[in-house]
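Following this line, the structures themselves.
The same chain A turns up in both complexes below, where it pairs with chain B and then with chain C.
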Partner chain A sequence: MTAATVTRANPVARKRRRSRAGDSRAYTIFRVVALVVVVVGLAFPIVWMILASLKSNIDIYNAAKTFSFVPTFDNYVTVFGEQSFLPFFWNSFVVGAGSTGLALALGLPAAYAMSRFTMRRSASTVLLARIIPAISLIVPWYFIFANLGLVGGYGAMILAHMFTSVPLIVWILISFFDGLPVDLEEAAQVDGLTPIGAFFRISLPLSAPGIATAAILAFIFSWNNFLFSLILSGSQTKTLPVAIMNFIGYASIDWGGLMAASTAITVPIIVMAVFFQKYVVSGLTAGATKG
Partner chain B sequence: MKKSTILRATSLAVAASAVVALAGCAGGADAGTGSSGTLNVTLANHPWSDAVKKALPDFEKETGIKVDLNIYDDEQLAQLYNVKLNAASDELDVMMFKPLQDTLQMSTNKWLVDLSDDVTKDAGWDWQDFQESARSSVTVGDEVVGVPIATETAVLYYRKDLLAAAGLDVPKTMDELTAAVKKIHELNPDIYAFGARGEKSAAVTQFSSFLYSFGGDWVDKNGKAAVDSPEAIKAYEYLGGLIKDYGPPGSVDMNWPQVMGLMQQGLVAFYPEGSSQYNNAVDPSKSNIADQIGVAPIPSGSDGSRPYNITNFAIGINSGSKNQDNAWKFIQWATSKDNVLKFQQADVPGPRTSVWADPAGTSALPADLLKVIQTNGDIGVGYDRPVLIAVAAAREAVGTPLVTAIQGGDVADAAKTANAAFQDLLDKEK
Partner chain C sequence: MTQTNLRGSQFGSSLSIWANRHRKWIFAGPAVIFVAALIIIPLSYTIYLSFTDAANSLRAEINFIGFENYVAVLTDTTRFWPAVGRTVTFTVGVVAVELALGMGIALLLRRPFRGERIVRGIILLPLVATPIAVGMMWRLIFEPSIGFANQLLNWFGLPDNGWISDPNQALPTLMFVDIWQWTPMMVLILLAGLTSLPDEPDEAARVDGASAFQRFRYVTLPLLMPALIAAVVLRSIDAFKTFDILYATKGTGGGSLHEVETVNIYAYGENFLYSRYGLASAVLVVFFAMVLILVAIQLLRRKKDY
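Moving on to the complex of A and B:
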């Protein structure tokens, strides 16, 4: 818990502190200024992106029209009309959901086992997958997938994305399961559940926040992954990060279209993040403090 | 013990079902790979590719060959080729590439099919009709490894209105250019009288015209690195000096999107750049000063005006392709006289001499641009960067002295260091 949430949760304490000393006012001012600086700093690129997506290409470069301009939806018409981006959304969704779902199916029991049976060496091995730079993997993978006839389909991309999402899920969930008292499962077993039953009925529901965190992070990684999708996708299965490059040409860049596409790509992720936010926060704290 | 057995069994079952599910997935979505008989054509995001895309139904109808067209931005394309061709892929059939950047590397690695026999077989298609510099850019030894599709040359973009207001003529020599830039700077202190690429590697191509015009070259007659010659140093100092004194701040990080962006806003008076940027400069939907853009030849230096005049893209066939006959049919169709003419009318300067002699091929071009392109065809140099396999590394090296010049450092010293680094790269390829 941060100081900010403590004060917000306890108005009486805040009141008392403010009336007690002058430096608390200084603290409040500092806090507001700091918050504004951080929020403006972090939000500015996103705001700029959204504003640019509503401008004509001629206005984007014009500093005088940064905030005041005549908005246009032409760029979005380009993205969804001329460039027909909807199938790319579907492709990204299939690959993201597929890789995250399968990675959870593998990673969840793996993390549970590694947590309960102290298989630290296995855990380190799994982490290795994230340490190796992706670029060094892609040539052999391409070779294997090409020989299996998987290149151009969803399968190869799902498998490739799983390679990065499984370690992520395993490591977040290991620390999460570590934090769950074994007593709960033992109590359940005393009451007649099998170990598997205890896992499904007790540990799994309790670890929902951790699972949500791991899943959303894995999904975002997949959603934004560029390299694997570039090499392994086909013309019908291109994902969004690859498709967005359509706006960058040899001798011309359609900044408006690029920004509109970026905005359109970011929106689903932001909506998802807001929706799952409370899980993500508690999940991350759980992982960070107990791992 | 029992617990772990059950867990192991469960995870095995999950893994097995995952693999089955994925195999099913792949079967359904697998589209357009080499095995299916469709022709896989991989192109860079370039106006030529858009023109081909539009005309493609004609080809499919004529030949009955189904084409799977994939278009990528050129950096992506380079990455894609590196991975797929290193893995000896048969997935790519027709490939678009940049002759000056890629030909040597791709042919050294034997990634491209030798087309020497194909290009001479059909007299009607007429290989000799391609400009000589274009043909030489895709010829390695006695092997022809690609067919040129688009050309580009160096021009000087300028602001007609600012020049007229200053009472100046279009500068014909480097000295006149300096004087004009200076005068426009004095009359319009709010804008940048001169702008050019300053980002080390990107700047090399535009710098080349200045290097040649001052009498320099990347290598001397004996093939030794020569970017520390007095001529080269003069060229570095000249272009770098103009950027330093009159260019926008932060020039050393600028490539064409940044400089062209400033020009479109009316903030740059003179800008040496490739002719492929013409549409950006004069498109009223992108440019505030679209009707005020003029195009002039690169001014004469001590060695006259020697702009680059290059083939910027070519297409070839992947040596691993199992579809080589159809791939050649596609190339022949896409580079036929009719289509080169048609594509030129859609703003893609073609590599065939016949389309430049044909009024139908040139009437769409504005007079000033056409004149520069035609002159450069006669006087131009056929390469705009050092010619070797390690082009990217060489560009980093030979671009450094320009950055030094822009920053006001010791150019002679930087040129010496750059020359040594460039010579090392040349030595490695012997």
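Moving on to the complex of A and C:
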């Protein structure tokens, strides 16, 4: 990450890289074609989904109207009217924001301590949560939460989502704090701050980009989570990925409505990811290049 | 009055000294305890259930039946072992293709070009899109009579395929979906690895007259190994546990012939559809052990390589 930033920020290095290559014309053409194939391959299905969400169910069944059709918002009317999806957006948001906030409160100091004191065993305990198949925990969770009367409420879902976000946040922030020089904290301590004071006054403000990265990724993972919410949500607290199953009937599927709902769920998170592209990429690749 | 104030501040400062002395555990403790509690309590409970005949209702009487569930699971050649086979096929297949494609795309993106930001943004799309919505999207694309996949085949004069609804094609089709969704993850990690590599070795090899392929094979690839292994470990663990796209497209049971039923889907059905908690717990313990073995093998290999 650091190396990448340095290279990109340095125009001389960048120029040298480009001129050094001396690519053949054939390679340049191949590269352009290959990149176009990649872009179309990755983006087309999503474009197709959005197009389908704007078609009437009759047009969806008509192969001649794949690309040329009269757009309609009827499917969105179904999603937000008949199926009243707005509360599900709220549920997804509450669970996402709640679990991310609480997970940060737990994970941020933990990552700091684990980085500064190299607590390998504690770090691997937390990261074990990333490896364990969630399904092997969810039945007992369900039973415990049911006994506590938490199933169907936000509490159980927030706790379950935190189980993914705490390790994610710890993982991202450990590598962030590893890259944050200790000197500043030490200088602050010489000037009379306690170690905890130095953490709050010096390291915490400096780690804003790391916190943003961790929070954005944790929110995305929570928004997209299906299994936990499927089992722990009640009819009033369904999150979006669970609510989408409403469109699958026993006899038939309302394809237009289903595509509109899929688009409505996916687009906000895509916009957010593209907007915070830099953070999302550094979060997804955190720690992977350390070796 | 002054007395109390003094005592208060004394207490405050001794608390502060204590807190600062033990800050390591005050900071790390809550997160470790939280995660450990959410793992250890449920896992012990799952292990306990796996030795019982718990079924139908968890409030019903539960009898201890020893290893009966494990015997049933490990000798089950109609559901369990085929599910294991599919899980392994799925994982090995998608990770291999994703690694090859990811490596290729990362090399394409390695050097700067115009429109780089847009391309990199598009690469993120499959990664951040909600998996359940992605599953629904591909379900329509691969719909035999109205989906785009068959339409595309028809344009080239090829006959229709059954895709997800054809028991023989369902698993490969869903592997394709996983590859579409997760190749970008490989790209991101490998690209981060590539950009952090020093230029000098590559430069030196070029001066010595090494071809592009030789430079990749003998210079770039060995240097990239740590990132490559990290990407493979991460992806195999996640691919092994794939649930959302399988559930979204085929539901519980993995289709009428269980054609896409992986261990994850199988255990889910046993638990929540048939409420055979004891048996399902045994499946999960075996599954859990498999994941641990998978991770252990990869970590051991990693150690051996360095």
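Everything that follows uses one rule, which is that the second predicted complex is superposed on the first by the 244 of 291 C-alpha atoms of A that agree within 3 Å, B and C clash if a C-alpha of one lies under 4 Å from a C-alpha of the other, contacts with A are read in each partner's own complex, and residues count from 1 in each chain.
As a convention for this text, contacts are C-beta pairs under 8 Å (C-beta built on N, C-alpha and C of every residue); 3 or more make two chains touch, one makes a residue touch a chain.
All values reported here derive from a predicted model rather than from experimental measurement.
Colleague: First (chain B), second (chain C), both or neither: which does A:Gly98 touch?
Modeller: first
Colleague: Tell me which partner A:Ile196 touches in the superposition: chain B (first), chain C (second), both or neither.
Modeller: both
Colleague: Just to be sure I read the superposition right, which of the two partners does A:Gly152 touch: chain B = first, chain C = second, or both, or neither?
Modeller: In the superposition, A:Gly152 contacts chain B only.
Colleague: When the two structures are overlaid on chain A, which partner does A:Ser252 contact: first (chain B), second (chain C), both, or neither?
Modeller: So A:Ser252 only meets chain B here.
Colleague: Is A:Val274 touching anything from chain B or chain C once the two structures are fitted on A? First, second, both or neither.
Modeller: In the superposed model, A:Val274 contacts chain C only, not chain B.
Colleague: Quick check for you: in the superposed arrangement, does A:Thr237 touch first (chain B), second (chain C), both or neither?
Modeller: Only chain B; A:Thr237 stays clear of chain C.
Colleague: Output check: A:Ser262 vs chain B and chain C. Expected answer is one of first, second, both, neither. What do you get?
Modeller: In the superposed model, A:Ser262 contacts chain C only, not chain B.
Colleague: Could you look at A:Ala110 and tell me whether it touches chain B, chain C, both or neither (first, second, both, neither)?
Modeller: After superposition on chain A, A:Ala110 lies in contact with both partners, chain B and chain C.
Colleague: More residues of chain A are touched by which chain, chain B or chain C?
Modeller: Of chain B and chain C, the partner in contact with more residues of chain A is C.
Colleague: Touch check for A:Tyr61: first (chain B), second (chain C), both, or neither?
Modeller: both
Colleague: Of the residues on chain A, which ones does chain B touch that chain C also touches?
Modeller: Looking at chain A, the two contact sets intersect at 61, 106, 109-110, 112-113, 117, 138-140, 143, 159, 195-196, 227, 231.
Colleague: Could you pull out which chain A residues touch chain C in their complex?
Modeller: So the residues of chain A in touch with chain C come to 1-4, 7, 14, 17-18, 20-21, 31, 34-35, 38-39, 41-43, 45-46, 48-49, 52, 60-61, 63, 66, 106-107, 109-110, 112-114, 117, 119, 122, 125-126, 128-141, 143-144, 159, 162-163, 166-167, 170, 194-196, 199, 220, 223-224, 226-227, 231, 240-241, 244, 247, 255, 258-259, 261-263, 265-266, 269-270, 272-274, 277, 280-281, 284-285, 287-291.
Colleague: Quick one: in the complex, what on chain A touches chain B?
Modeller: Going by the criterion above, the answer is residues 56-58, 61-62, 98, 102, 105-106, 109-110, 112-113, 117, 138-140, 142-143, 146, 148-156, 158-159, 195-196, 227, 230-231, 234-237, 242, 245-246, 248-253.
Colleague: With touch defined as at the start, can you tell me which chain C residues reach chain A in the complex?
Modeller: Residue positions touching the partner: 16, 19-20, 23-32, 34-36, 38-39, 41-43, 45-46, 49, 58, 104-105, 108-109, 111-113, 117, 119-134, 136-138, 140-141, 143, 145-146, 148, 151, 154, 180, 184-185, 188-189, 191-193, 195-196, 199, 203, 226-227, 230-231, 234, 237, 240-241, 243-244, 247, 264, 267-268, 271-272, 277, 280-281, 284-285, 287-288, 291-292, 295.
Colleague: In their shared complex, at which residues does chain B touch chain A?
Modeller: 2-4, 6-7, 10-11, 14-15, 18, 21-23, 25-33, 35, 44-47, 68-74, 76, 79-80, 83-84, 86-91, 256-257, 261-262, 264-265, 274, 276-277, 279-280, 285-288, 312-313
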